[in-house]
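Order as written gives the chain letters A, B, C and D; numbering starts at 1 within each chain.
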Amino acid sequence: MKILVTGFDPFGGDKINPAIEAVKRLPAEINGAEIIKLEIPTVFNKSAEVVKKAIEKEKPDYVLNVGQAGGRFGLTPERVAININDGRIPDNEGYQPLGEPIHEDGETAYFTQLPIKAEAKAIRDAGLPASVSNTAGTYVCNHIMYQVQYMRDKEFPNIKAGFIHIPFLPEQVVNRPNTPSMALGDIVKGLTAALSAIVERDGKGDIKSVEGANH
Amino acid sequence: MKILVTGFDPFGGDKINPAIEAVKRLPAEINGAEIIKLEIPTVFNKSAEVVKKAIEKEKPDYVLNVGQAGGRFGLTPERVAININDGRIPDNEGYQPLGEPIHEDGETAYFTQLPIKAEAKAIRDAGLPASVSNTAGTYVCNHIMYQVQYMRDKEFPNIKAGFIHIPFLPEQVVNRPNTPSMALGDIVKGLTAALSAIVERDGKGDIKSVEGANH
Amino acid sequence: MKILVTGFDPFGGDKINPAIEAVKRLPAEINGAEIIKLEIPTVFNKSAEVVKKAIEKEKPDYVLNVGQAGGRFGLTPERVAININDGRIPDNEGYQPLGEPIHEDGETAYFTQLPIKAEAKAIRDAGLPASVSNTAGTYVCNHIMYQVQYMRDKEFPNIKAGFIHIPFLPEQVVNRPNTPSMALGDIVKGLTAALSAIVERDGKGDIKSVEGANH
Amino acid sequence: MKILVTGFDPFGGDKINPAIEAVKRLPAEINGAEIIKLEIPTVFNKSAEVVKKAIEKEKPDYVLNVGQAGGRFGLTPERVAININDGRIPDNEGYQPLGEPIHEDGETAYFTQLPIKAEAKAIRDAGLPASVSNTAGTYVCNHIMYQVQYMRDKEFPNIKAGFIHIPFLPEQVVNRPNTPSMALGDIVKGLTAALSAIVERDGKGDIKSVEGANH
């Protein structure tokens, strides 16, 4: 089994992005699956082109995109990607869409094929906070999650794909009072646990457990 | 113009639900539109049946469902409803689905037809905190938002519909340390501002402004 | 019985200070006690001079200073004032001390004579969030609380004095995401409940209840 | 130079206390100073007896007590200890005082002799969040900080003493949603930076910088 794991480059004034830093430090093999690592730009559309090329070249069974969610307390596997680009800030090439569909002919949303409840449980079992998230936002993180699902819908029907958001690193919150963070080593440990759960649940679907949100 | 506004009854151990309390206190007319008020049960499916009967009887132009989002700081118009029932707690009849679709033949998600950016701006212009939300959760709030969209999709194509989440009341946070709240009068004022914006934007679509979320 | 209640003017970029707004709206009499209202400047030392003149003129039995604590969720009676001026920002006349004693011949700290646990309970009984606070900060709020205690220590031994911090108003958090607030009417209601408790406990000391903090 | 560093044992239902875990992992020497490590019980008075015996035996130049502050985002050197025992929960021997002085003949409060601003800066320079705190609470943490100051006042005038509060470990927040944490290795790194700053500022007093709090 082959899993393509991507991480974004820094954006929004930060000089480091824990996503690509953590992805770089993943082991080459997790639970028997080969891990292919890829850095992608925090840029609408271009990020998708980079992922698409890697899918064509590597032919992975799974794609996991990883992105920073500054302000979240734990690792959060994402349930759904929605068909909207609505930037709070411009992307790394200065483009800031304000409420446009990603693809006119795409679904309003796509659910991930990944076992998000099993991932969250595996991360917690590794001693780290985690919960299922029901929004990946409306910026480049949601964008890439949607784009990979759109590719799956139109071109690569055998791929299973999803997204995990991760917190800031401690060094990123030194001047951001009352903002949570997680050590890089722990993010790597949490992602490894999630990837291991993805392999373990292959062909079995997700576990059935309480991970819902009142709102 | 006629707007059906619904509010849920209390759930999850609370003796009061700010949603129905605020809806009850709305004026009978806002910006020239007639406001029809309806209490609905915090129960999967049954809530939808109650709304459906009211739609058949009242034939509203708009439907706005209002629900409590304990822990949120301001009023949050919702962008999207997703096709999942995944309860963190049981509903008021003891039913707790764990990850099932609401309708097998429904879309994965529906975007609201309401001008959510104009609503958020109108609430802030009234001196109250507000922002666009990209998740209504996976409980009865998301459920009713989805159900009304599904009805629109299948039966009532002329209706425009959406959802607003509102914070706890102060009395609900007396024993919940470090939890935000909003006075009932302010919630009513904020909902009135949002409804006025809905009327004002009728036929014009939403405004274009920065309301996106990084994650 | 006579109670002098003070509120600060706006500072730190805000155009309104809920402290003086709430104090202005207090009734002239609470639980049989006469309420004397006084606006004071958010300025080190000068604020104390203004209070001192009012004490000399009005000869109150109690002094309650009220100040804004942006970011707190409820009303918080303060337990203790400490002998330090350490400004995060300059005061309204541009003075920013960085760690100097208020009075070389003052105690390191003074405890309030007010029944803080009874005040917190009375506010909660009125349906509003409240808790005892163990720090009034190191800016003008702690300064005035300390200064009145110092006056009591040196000149006015019969006065009982203390401080209550109050949250932002909703209009102050419109552009401060994820920041709690409280309606002005509720702040007035909470302060009235606290003042009523002060009168009720006169001569009896504080109640004995669980209001401590682990840290 | 010799520094006695203490850490509490677990309390309040937790099976681990990051304070003693971090203290145990400190190096034996920091910036030329010998580090003496001591576990103390989360028990009023008894904790002080244990520290006193160690002071008598080791004759340290400095005493630094370390305690867990669940819910804080960074490491927080404490400015002041106050003369009150007011437990939110009972201590590890079941004793829960509700507002009693620690010592009838003690000062209302004692300021630390440690360079708290230099400590906070050193921790941030090490890439970890830190700020000066103005309250150590009213439980055993404040108690031990006060007790050591009282010993200094009455018996050991040459000792300089203080306290640092540290966050939860990640494993402690797995079932505490939206609660910040810090990796054990980072806590050790932060304490080491603070201790190094204490040695570096020996005889020079604290630095002058903006570390105050509005409230």
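FYI, a residue touches a chain if its C-beta (ideal position, glycine included) is under 8 Å from a C-beta of that chain, and two chains touch if they have at least 3 such contacts.
Just so it is clear, the structure is predicted and the values come from calculations on it, not from any experiment.
Participant: Between copies subunit A and subunit D, are the contact residues mostly the same numbers or mostly different, with half as the line?
Facilitator: Same, since most residue numbers here occur in both copies.
Participant: With centres defined by CA atoms only, which chain is the most remote from subunit B?
Facilitator: D
Participant: In whole angstrom, how far does the Cα centroid of subunit A sit from the Cα centroid of subunit D?
Facilitator: 39
Participant: What's the distance between the Cα centroids of subunit A and subunit B, rounded to whole Å?
Facilitator: 29
Participant: So which stretches of subunit D touch two or more other chains?
Facilitator: There are none in subunit D.
Participant: So which chains end up touching which?
Facilitator: Applying the touch criterion to every chain pair yields A-B, A-D, B-C, C-D.
Participant: Quick check: in the complex, which residue numbers of subunit C touch subunit B?
Facilitator: My answer: residues 73-74, 124, 127-131, 170-171, 173-174, 176-183, 185-186.
Participant: Which residues of subunit D touch subunit C in the complex?
Facilitator: The contact residues of subunit D facing subunit C are 12, 67-72, 79-80, 82, 84, 86-89, 96, 98-99, 107-111, 117, 133-139, 141-142, 165, 206, 208-215.
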